[in-house]
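Chain IDs A, B, C and D follow the sequence of writing; residue 1 opens each chain.
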């Protein structure tokens, strides 16, 4: 198997697992995997496919600017520019973008705050953070209709230790050094989001919303716009 | 494969996917796919089948008035008249009717309002709406026991850009130009419904219910009858 | 295939479907199917099996008093007596007992009321009720540790049109003339339970709890013991 | 099949079932099964594997101190010490550690209380408790980053009738005399946790939170830190 076939299969496998969780509702979302360095090429989702199917037209190979490297009738996902920024700014080998109800809720509730930070949750070990008071932040950017502006907004918030970016009411974009790690990061974030929302609900109900460091979230107060 | 076999298989496939999500509880729901134009014929669910099974008696071919085109012992779904109206009034090629807890809740909570409108949600791109302030409305009609009256009520609210109708405590009827697009629309609506209900819950809890354009909903206040 | 093999397979199939939904948590629950009339014999779950597996020791044949009809090392479910009452008092051909979080919640919240009644929900058509104001009631009995007393309590609330009984914090027992209908009834009840609980939550949040006929429930006020 | 192969397969099977429920988010969690007594050896999860896959590198054989018994390049899970304590202090034959949103919520909400006790729930029969007023307690310990300290904290709360320990924001560790019973206990606890949280939510909403024995919980008031 060539390196191209191997990467294609890894990407098809992770896509299949996420599709089984219904994390690509309405053909939303897109995924990519890096194939070569210097210059970068990566496979990225073709636009508008049903991600529950596995076909030879699911991905196409693009360069670091998101242009097709080979002759193809496929159109790269409209959000390929975001994947380009991730590969340009980080050592990611795989990048996943999915919509879940809970990641959309977090992006909206903490959107004005501009980020959400988790602390004192075992699951943050999934990000390689083993310190008792370690924390992980996810920046949140506005959802610009202009995709060039959106790519730039995402690029602007990526710091060396960033593992994911939330776009407001537009899901999570998360990465890792390979498909295994990208999926691990995604699962951990989704768990933290769901846990936080449910604990926040119980917190509101028992009238303890003054405490800003509640529920595994270090800072950030829910803002409802 | 004839066009009839092809359409049958497409409909059986989408039915299977929706059944796997338990979206036909208690044998509820029904699906159809257009086979021919001028005059219209379409396959529609036979009445009262277990939709988790795949059998040769799942569908029957009917004309634009819902009458069986071929000799058959099968009875078309009691709600075939609604499918007839959808094919008469729109360019739909496939039409899906399912019950979920969340689509029933939206139909009840916004029933008095007569519609629900979503805005500023990435998922509305699934309806081909790419403008930053674009919006999508779903009309809601009362659930008349008289099925002729119900079909007429559904027909009355279908406008050129309508993609779906909610019937109060009676699920969603959604369509697209083919099975792929109908499923895409359905998944997007279900995501928007679930997102809105969960955000509304958090909104109520944090006492911000005055804002009528809250949670990706442009207008409409929850009315509980 | 003999009638015995046929009924066994039908029961194994419905058990498999319900197990896939995790409706037998912790080996709870049990199922049965009638094989012969006059005198009645039925297959019933052997005690304490993992219901996600399909084995030749899943069921044993018992008579109308719940005694094994054939030589066997298997022990009938401790709750076989409830199945006996269902076959004695109704024309059921199949009887299913499962635990879900939502059926347990309904049994607790409406336990003091002694029943819950659903109305104006499309899903009640699953019980053959097509009238616009038709309704369906489920009696709720206390969960006596003495299983003879419990079987009698269940028997006492079964009326001609009863389709299911809830035992407080002990799941639902539901039946139909065959496995297909029993499953249809179960799915419809579970949908109605889940719908009602979620609507009730939104109702509490928007302070409209005075209305006793709220949320598809005709009468019954939530009592929390 | 040797006893080693048999135990390996049992452990691989239960891992597969729990992975299918997404109970190992972000490669979290670990499982073990006892192979020999006097001295004890057991198979335990290798560190950091994707638990949705089934491979020959999923487990390694360790002794009662958690040291590999055979030459291997695999590293035992960092939390193997907790499994050692379980096998030292109980007659467990299998031990499972998983993260779910609900077990993490219970561990946080009742963390200050130090335990949660369930009563008057049919599901506690899964623990062999058949008395009408029988109850089952789960101790809750703090989540120390120092794993030796954490293992000791877990060991300190294990009493003869303990079936599981919750670690604060770090999931449940549950055991049984074999894989079948460990899974049965786990499913029953998860059901009780989910049931309690949802009933607690409805309780808060209807302002009945004074009652400390509410919702199948004998004692313990929700403390939100």
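We take it that a residue touches a chain if its C-beta (ideal position, glycine included) is under 8 Å from a C-beta of that chain, and two chains touch if they have at least 3 such contacts.
Predicted, not measured: the structure shown is a model, and the values here were computed from it.
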Quiz item: Would the interface of subunit B with subunit C count as same or different, where same needs over half of all numbers used to appear in both copies?
Solution: different
Practice problem: Could you tell me the distance, in whole angstrom, between the mean C-alpha positions of subunit B and subunit C? | Solution: 30
Practice problem: Would you kindly tell me how far, in whole Å, the mean C-alpha position of subunit D lies from that of subunit B? | Solution: 43
Exercise. Can you tell me which residues of subunit B touch two or more of the remaining chains?
Key: 201, 205
Exercise. Kindly provide every pair of chains that touch.
Key: A-B, A-D, B-C, C-D
Self-check item: Residues of subunit A defined as touching subunit D within the complex
Solution: 17, 21, 120-123, 125-126, 130-132, 180, 183-185, 187-188, 190-191, 194-195, 198-199, 201-203, 205-206, 208, 211, 214-216
Quiz item: Which residues of subunit A touch subunit B in their complex?
Solution: 22, 25-28, 50, 52, 99, 101-102, 104-105, 108-109, 143-145, 167, 169-171, 197, 200-201, 204-205, 209, 222, 224-225
